[in-house]
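These are the structures in question, set out in turn.
Heads up, the next two complexes both have chain A, just with different partners, chain B and then chain C.
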Partner chain A sequence: MRVKANEAILASGFLGLMITLFLAFNWAPSVNINAFESPESQRIFYWHVPAAWAAFIAFAVLFVGSALWFFKRSSIGWKMHIAGSEAGLACGLMAVWSGCVWGAAEWGTPWDWEDWRLNTFGLLTLLALFLVLGRQSQPDGVETRDTFSTFGLYGFVLVPLTYVATRIWVIRHPGPVIAGEEGSSISSEMGLVLLIGAISFTTLIIGHILTSMEITKFEQRLERLQKELDGE
Partner chain B sequence: MDDKTYLSIAYLGMIFGLAIWTWTVVSRSRNMEQRLEAMEQSLKVKSTDADSVAAIDSSEQS
Partner chain C sequence: MADPVLQLDNVTVRRGMGVVLDNFSLTVNQGECILLEGENGVGKSTIIETAARLLPMESGSVRHHGAVVCDAEGRRIKPPKSFGLTLQKNCLIPSQTVQQRLNNVLALSNRTLDLTGIIESYKIANRRNDKIAHLSGGQQRKVAVISGLLPGMVCEDSRLILLDEPDTGLDDDSVDCLIEHIHMLRNLGHAIVIASHDSRLRQCATRLYNFDASSIQQPNHNATWQVKSDTAQHSFLMTKIGWQLNFDTLVSLQTNWLAALLIMGTLLSIADPLTLSDNELILMGFALAPAFGMGLVGDSVFKILQEQRAIDWWRAQRNNVPNSYFESLLSGILITTIAMQIFIQSVDYQVVIIGGLITLTTSFAVRFLQLSTVRLARSNAVFIRLLTPILILPWGIIVDYCAKL
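On to the complex of A and B.
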C-alpha cells in the first residue's frame, strides 16, 4: 500500500512520542522527593509541556488560516482554519487532561478555578471545541466561514495571555522552566527528553494538520461532484 | 495507588486516545480518496480541487 508523506510524518511523530515515553520513565532523573508531594507523577511533564506546545502551534495555524480566509478569501486559509481548530482541540485536551492528572496527584485537586494559566488554556481548548462542533453543525458558506474565522482571529488573544500568565500571576501552575527566572532551569537530561518530546509532538501535529487539510480538500471535491450530478 | 501505576494508566489513556484520533483521521482520508476516485472514474468526471464557496464569493465581489 502506498504511504503518503503526511502519513510518514504522522508515523515518525508517533514513534518519537514512544521514545519520549521510554526515556521519561527509564532515563530521565527523578525530581527532589522532598520538593514534591508526588515526585513520580512529575514525569507527566514530558508529555504535558510538548502537548501544550503543539496546541500553541495549532492555534497559530488557526489564527493564520482565519486571517487568510477573512481578508484574502483564501481556500488554503479555510483549510488551515479547520486543521488548526481540530489539532488545537486534540492537543489542548491532551494538555488539560495530563495537567489534571498531575494536579490531582500533586495538589490534591485536578483544577484550580483561580489560576490564570489553567483557565486561559481551558478557554482556548473550549474555543477549539466550539469551532469544531459549530462548523459541523452549520452548512458551509461564506457567512459561516466569516463567523468562525472571526472567532479564530479574536480567540488567538488567549495564546499570549496564556504564555505570560505564569510569568505575571503565579498562583498554582508552576512557573516556566525554560527561559524563566534564575534557578528555574532543569537538568540537561530532563531538557533533552523534553526536547525530543517537543520535536515529536511538533512532527505529529504537522502530520495531523496536513492530513486534515487533505480531508477538507476531499470534502470540497465531493461537494463539487454532487453539484455536478445535481446539474447546478 | 502507587505513583508509577497512576502515571502509567494516565499515559496509556493518552496514547490510546492519540492513536484512535490518528487512526480515524488517516482511515477517513484514505476512504474518501478511494471513493472519490471510484466515483470520478465511473462518472467520467475530471477531478478538481477548487473551493466552490471561495469561488462563489470572489465571483460575487468582482
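On to the complex of A and C.
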C-alpha cells in the first residue's frame, strides 16, 4: 500500500500527540501545589497551549487562503480557506474545551464572559464553525466564496487581538507562554513536553491541511465531471 | 444626440462558477427601449441586476445618468435619480397593502399621485387596500410591474426603467396594457431595458439585443404619457417606512418583545428580586438582560424584508434599506424601565437610556451581520448568528458600569 506524504505527516503528528499525553501525565513535574487551586488539572496545559498554537497556524492559513481567493481568484487560495477553517475549528474546539475543563477546576467556572482572551478566542472558533457550517449550507459559487473569504479576512484581526488581550486586559486568563514576559518562564521539563506538544500539533495541522486540500481538489473534480454529464 | 441614461462599461460578472458577462458594454439613451432576448442562462437577468447595482463586478462600472453608481472596486453610490425596477421575483413585502407598496415607490421619487387610474388599468383597483399576501400570483406580479413603471409615470425628466420578465403570469389584457405603457413612457423620454421571451414585447422595442447581434427598429406608436404627479419631500424615509412596517405587522412584538418578556419571566422564575437586594451587579444584569435579548433577536424590519427577497429591490434603490432603529431604541428604553421597576424597584434614567442604546446597537450589529450575507443563495441558512455571542462581553462591561452608577 502506498502511503502519501500528507498521510505520513498526519500519522506522525498523531503519534506525537500520544507521546505528549504520555509525558504530560507521567513525566512532567507537578506545579507548585500552593500556587494553584487544582494543581493536577494544570497538566491539561500540555494539550491546551499546543492546540491553541495550532489553531493560530490554521487561522493564518485561513487568512492567506481568503486573501488569495478574494484578491487573486486563486483556486489554491480557496482550498487553503477550506482547510484553514476546518483545522481552525478542530484545534479551536480542542483549546476551548480543554480550557473550560481547566477553568472549571481552577477558577470554579468553565467560562468567564468578561475575559477578553477567552471571548476573542471563542469568537475565532465560532467564526471557524460559521465558515464550515455556512459553506456547507450554500451552493459553491463566486458569491459564496467572496462572502466567506471576507469573513476569513476580517476574522484574522482577532488573532493579534487575542494574543495581546492578556497583556492589556488581564482578568483571569494567564499571560502568554510563548514570547511572554520574564516572569512567565517555566521549568525545562515542562518546556520540553510543551515543545513536543507544539511540534506534534503543528505536524498534525500541516497533515490535516494537506489532506483537506486534496479532498477539496477531488470534490471540485467530481463537481466538474457532474457538470459535464449534465451537459453544461 | 440623446444623453445616455444607463451605461455598462466593460462589465465582467460571475455567477456560480461561470463568467456570465465578460467585458460587456451597453449604453441606453433617453427615449430608447432595449429588449434583451436569448436562451435561459445567457445573461439577460444578470444585465438587469447588474444595472440595478445588485451584483458585484469583476471589472467595469455602471453609470446612471452619467454618474458611476457601482464599480469593480466595490463602490455603491446612490443613483442620482430614482429608477423603476421589476425583478424576476416580485420582491414585494407580503404584509404591505398594494397602496402602501406603491406609496413607497412614489416616496422614493419624492412624488405623490392619485394612483386610481393606473391600478384600474391593470384591474386591481378593488384590491388596493388588500395585503399583498392575499393577492393571487398574477395580481402580485401586476403590483411588481406597476412598481417598476411608476418612477417613469410620475417624473417628467428621463428615468431608467428595468423590467425583468415583466409579462410572466400576466393575463393578455394586462400584457397589452404593459406594452401601451412602455410605448408612452419611451415616447416621454425614459430609457427602458426589458428582458423577456415574450415576442409581443418586441413591438415596443427600439433595439432588439440577442447577445450575438442587435437590430434597430422604429415602433409605430406616438402617444406620450401625461405626468400629473406633485412633488413631495421625504426625510428619514427608511426609518419611517420601517416604523410603518413594524406598526402594521407588529413583527417586533412577536419577535423582539416576546424574547425580552420571556427572558424577564425566566429570570423572575429563578430568583426573587427582594432576596437579591444586596447584590447590585446581579440585579443590574437582570434589569439589562431583556434589553440585550431584545437586540439579539435582530432588526424586526429586516426579518420582513427577507420574505420574497424584498430586500433585493430595496438594496437596488437605496444604500440603506428600511430599518427599525427608532423602534429598537424606544423598545429598549421601555423594556429597561419595566425591568428596573421589577428587579430594582426604582428607575434610573441613565440606565434606562443605556438599555435603549443596548437594544439599538445590538440589533444594529445583528442586522450588519445579516446584511453581509444577503448576497448568498441561501442567506437564511448560513449560521451567521454563531458570531453574536461576542456581544455578551461588551454587555457584561456595561452591566458592571451601570451597577456602579
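We take it that the second predicted complex is superposed on the first by the 231 of 232 C-alpha atoms of A that agree within 3 Å, B and C clash if a C-alpha of one lies under 4 Å from a C-alpha of the other, contacts with A are read in each partner's own complex, and residues count from 1 in each chain.
Keep in mind that, in the parts below, contacts are C-beta pairs under 8 Å (C-beta built on N, C-alpha and C of every residue); 3 or more make two chains touch, one makes a residue touch a chain.
It should be emphasised that the depicted structure is a prediction, and the values quoted were computed from it without experimental measurement.
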{"item": "Touched partner set for A:A55, first chain B, second chain C, both or neither", "value": "neither"}
{"item": "Chain B versus chain C as contact partner of A:F14, first or second or both or neither", "value": "first"}
{"item": "Residues of chain A touched, compared between chain B and chain C (which is higher)", "value": "B"}
{"item": "Which of chain B and chain C A:I206 touches, first, second, both or neither", "value": "neither"}
{"item": "Partner chain in contact with A:L68 - chain B first, chain C second, else both or neither", "value": "neither"}
{"item": "Touched partner set for A:L23, first chain B, second chain C, both or neither", "value": "neither"}
{"item": "Touched partner set for A:T147, first chain B, second chain C, both or neither", "value": "second"}
{"item": "Touching partner for A:V193 - first (chain B), second (chain C), both, neither", "value": "neither"}
{"item": "Common interface residues of chain A - those touching chain B in one complex and chain C in the other", "value": "140-142"}
{"item": "Sites on chain A touched by chain C in the complex", "value": "113-114, 116, 119-120, 122-123, 126-127, 129-130, 133-134, 137-144, 146-147, 150-151"}
{"item": "Residues of chain B touching chain A in the complex", "value": "3-4, 6-7, 10-11, 13-15, 17-19, 21-22, 25-26, 28-29, 32-33, 36, 39-40, 43, 45, 47-54, 56-58, 61"}
{"item": "Chain B-facing residues of chain A, complex", "value": "7, 10, 14, 17, 21, 38-41, 43-44, 47, 73-75, 78, 90, 93-94, 97-98, 101, 105, 140-142, 145, 204, 208, 211-212, 214-215, 217-225, 227-229"}
{"item": "Chain C - residues contacting chain A, complex", "value": "14-17, 56, 372-373, 375-378, 381-384, 386-387, 389-390, 392-393, 396-397, 400"}
